[in-house]
């Protein structure tokens, strides 16, 4: 136990010191991908533990990103003027629902509450009628499509396809400043650490145990006196919150949020991060996110035509050869000598 | 509980990934005789279809300049990056090019979304981006050179031509994104101002392929001409379904703002025959310099047509090289100052220059698509048009301040 | 609490049909608190359907089921369990991804709300109960093993343990001794007998030897109706029952294994 | 008067869109409905059908080429589907969500392959001369209302394909086996039905129908590497609204969704009608979570 915690602390220290030894560009990538890892841990919670495959996590990512971006946009606009995209969309007064985002605390709260509430509402409406996992996956994918279509079509309120960008400062800090970048990086590392500890505690609690049982057999849990609905709704809402937090962090880091970042394709890519790392492992989610994203940055620079082939092959291989991902592979290497494990983990039976 | 033992392994993994990242990335070598420039376009994804051709034109210009001895005695080394049709990737790769590869300048971007996403990066690092595509205006940044047309250089000339031809009732159709919506906002103001009527305005989601409802609405509205700002593949569906509905371009003329020679080839000239397009460059421009450019390009990419954004992508490199030469330096700040004080005639655009607002002064043309896939030039504006980023009729009081 | 005069469970004129096939036909049945009762019958007689109907998985087309004075017709499955009914399924329904101890902990927890489940620590009483049940089912030493790794007989025991741990007033056991060796079945019978008084138990089984060891009243179901009631000996001698089983001679022994 | 033309036109468009959705969804209704395989590469089967049609036209000319293309598209994609089933899908039965991920990977590879072979720019497929007319209904209140020949062809084709698939399932020996396997896989297996072969046949039939659909859709839509992506989400919505394993449900759902989006577009934009559509599907699932035509099951857990 102690050695394990020690390992985690060491990684945390190594990550926190990254600004000292990583070049600026890699550091900014690492910060961005760690922010995405927060979202990935949410997917690990709902998919690995809860058996809920969502192909629409991007939507909650986007909601978090937009909440923060709306504030940044207002903070960057000239006093009394509406944001630039509203002007060129022919809108000269600020819509009422934009106004509260002028308050930074409201925007930060909204980046957490709005995705969480939206996720809870969706999960409640769909799971209430005991819709199966396949249906849910398809509906969430349709949601990703509908959400991006809708945001793009409401250009005068949302910035449309271009999204929201052109921020100068964030919560009083100049965005271009290196100190702001470092600060944001450390905030990200802190959030990753807190999320990791919190989700792991959740998985260890009775809630996590029941959720795991729900994954393998919803009815069995029901006949033990547990209503699976609130468990799934709460888990999905937590994943929604984590996606929203990730969206907010990435928006701050990249200085842009746009529908192209969270539509159908990005949403399914989020699932592949977790699948590569190992869907049943929280660490797998982080490792998978880092590996896939660094891999994408590298391969798409060197062999752009190869990237889709690689992603496609990774999808196929992970599912057929290594359904428990990298962490699962390492685990089975370590445990094979100790005891035999069932070949197909129960997690794979939906 | 399951992952206890592997936790430390995985931890090592994370650190390894982080460290590998630094090792795997070859940092650019600033060899004495070379200068690195970034070429950032979508090589994959939905936009690759268009952006790859601009990348090719950019690389052609670099090759030609290198063959003539380079710039300031240095050979230009292009570092090509893939924006993957994803604005956030454009931002990420722009950052890589500037921060890691330390390029002198970047040529790239097609969609407004990608330009908007890169803008903060260029402003943060004070880089210089050369943007080659017509766009919706409403933007001017000291860190971007806009060689693509402003609305008053492409859309308004087309309206002027339509009005001269007697088309009064205009139907506005576009993909649902920023350029069509802004273009149509400007068009509506001008159509009404000039005494015409807007017969209808419809938007289809990007990549949309069902035009049955739109065509039905067009039939009911009975416009004299359609101004089409559809993007990419949607054009194929639109023209196929118009033809199927008995409304080929011969019956109901269509003026397109996003169909150049490349797109015409993709859609099929037979579907588009007789439809109109407005650009600032056509492959068929009779200028001898243009003939040389087209010949050089087709020598490298046989059978491939040349179009407006490619010509601008090609021009951008020459403009940059000339500005560097004049400034005697690769410093973006000096280069952009020099760029606005020069005139260029290296491409078939005729004699052009960058105006003080860092947009290109250029002529507007209207062409009619021929079965060959080439445009027959029907009309051209009276001389080169000064770029106006903010349309005074639509956005009164807004001006470009650099 | 329960009015001593009224039964714990009463099944009143319940009819259940699937796509025109009548699984339970105007069936009535009552059970007092703490009583053990055995249901036998040939395959398709409606035994499992009866348990399904009590637990809320199947809803009656007509008639009603009353448990502790509550009409169960409109109560969701999980809420029926919370009223005090717990069932062991025919194919063991243990929670494979959890350890044996965790399985029992999930079963033993009385406050089964999702918010409550966030609180990680089980109460002292719950821990004691888990230890007790672990001792009863003889899995104390393997408490940290995953349920998925257990052999079939052990899974049966674990599920029985979960049902016991739930401390429900009514336990429904669907073929608890299936797949067990003779000795294991004997132990199971002992366990069930020991539950009498504290819990009411309905046991479904085919194996008359096992049923005999339970020493409890027996009802015979056939074609969705009650065919006979009585002690094991009375049932053995009942000519109607014999006719049912003789009509399908092998089922009494083989089916369900 | 123009209002009636608009409404009548949109009603026809609704049926036309429904026929497109039906063609795109039929193959999915087979593989997802009967086998619980979520084939995300289904859109790429449409794409493949389009490219095969293009090749046929290149070989046989504009007139006959399209007719040949329909057949080639069906056979070609069915063979590819069979290959996919043998090499990949077969390993993943009982894991629907994993079939989803794996076939998504396949779809990415196919898109990139099409890009490498045919270029990122699409290829040109135009309607053959015998389909390029319109049927006009002049002289009545419907003046100005005409039916494009291409759309009429797609409606007829959708009806024919639906009828053929229904006939195969209802009347042939293969259909009998399909129904048996669908009803109860272990028992069908125990009774000696070669369930592997049945799965293979169903999957190949599903992809073949998708190829046929792609061939027909090339008349009104582009043939590009990514064309399949624009249909896949809607096709899945049709299948889940229709109910798993029911052709009738699929037909009704396609009609509902087609007419819904067409009528919604009388009053609003296409973007907004897409959003409304999803909202309505979620509301619909509150009432009929298993789709229009649903089947009961006694299994403790369902997939």
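In order of appearance the chains are A, B, C and D, and numbering begins at 1 in each one.
The rule is simple: contacts are C-beta pairs under 8 Å (C-beta built on N, C-alpha and C of every residue); 3 or more make two chains touch, one makes a residue touch a chain.
Since the structure is predicted, the reported quantities are computational estimates derived from the model, not experimental observations.
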{"item": "Those chains which touch subunit B and also touch subunit A", "value": "D"}
{"item": "Subunit B to subunit C, fewest steps along touching chains", "value": "2"}
{"item": "Chain with minimal offset from the mean of all protein Cα atoms", "value": "A"}
{"item": "Chain whose mean Cα position lies farthest from subunit D", "value": "C"}
{"item": "Chains linked by the largest number of contacting C-beta pairs", "value": "A-B"}
{"item": "Length of the line joining the C-alpha centres of subunit A and subunit D, rounded to whole Å", "value": "32"}
{"item": "Distance from subunit C to subunit A - Cα centre to Cα centre, in angstrom", "value": "44"}
{"item": "Chain centre separation in whole Å, for subunit D relative to subunit B (CA means)", "value": "36"}
{"item": "Centre distance in Å when subunit C and subunit D are each reduced to the mean of their C-alpha atoms", "value": "47"}
{"item": "Multi-partner residues of subunit B (each touching 2 or more other chains)", "value": "1, 44, 176, 203, 205"}
{"item": "Shared-contact residues (touching 2 or more other chains) in subunit A", "value": "149, 152-153, 204, 217, 219-220, 305, 308"}
{"item": "Touching two or more other chains - residue numbers and ranges from subunit C", "value": "89, 93"}
{"item": "For the subunit D and subunit B complex, residues of the former touching the latter", "value": "2, 5-6, 9-10, 13, 16-17, 20, 112, 115, 120-122, 124, 126-127, 132-134, 144, 146, 148-151, 219-222, 224, 226-227, 229-231, 262, 265-266, 269-271, 274"}
{"item": "Parts of subunit B lying in touch with subunit A, wherever the complex brings them together", "value": "1-11, 13-15, 17-18, 20-22, 24-25, 27, 43-44, 81-82, 84-89, 91-93, 95-96, 99-100, 111-113, 116-117, 119-121, 123-125, 136-139, 176-178, 181-182, 185, 203, 205-206, 394-395, 398"}
{"item": "List of subunit A residues in touch with subunit C within their complex", "value": "201-202, 204-207, 209-210, 212-213, 215-217, 219-228, 230-231, 234, 342, 346-347"}
{"item": "Touching residues (chain side subunit D, partner subunit A) in the complex", "value": "32, 36, 38, 88, 91-92, 94-98, 100-102, 104-109, 111-112, 115-116, 229, 233, 236-237, 240, 269, 271-272, 274-275, 277-278, 281-282, 285-286, 289, 300-303"}
{"item": "Partner subunit D, residues of subunit A touching it in the complex", "value": "53, 122, 125-126, 128-135, 137-139, 141-143, 145-146, 149-150, 152-153, 217-220, 264, 268, 271-272, 275, 305, 308-309, 311-316, 318-320, 323, 348-350"}
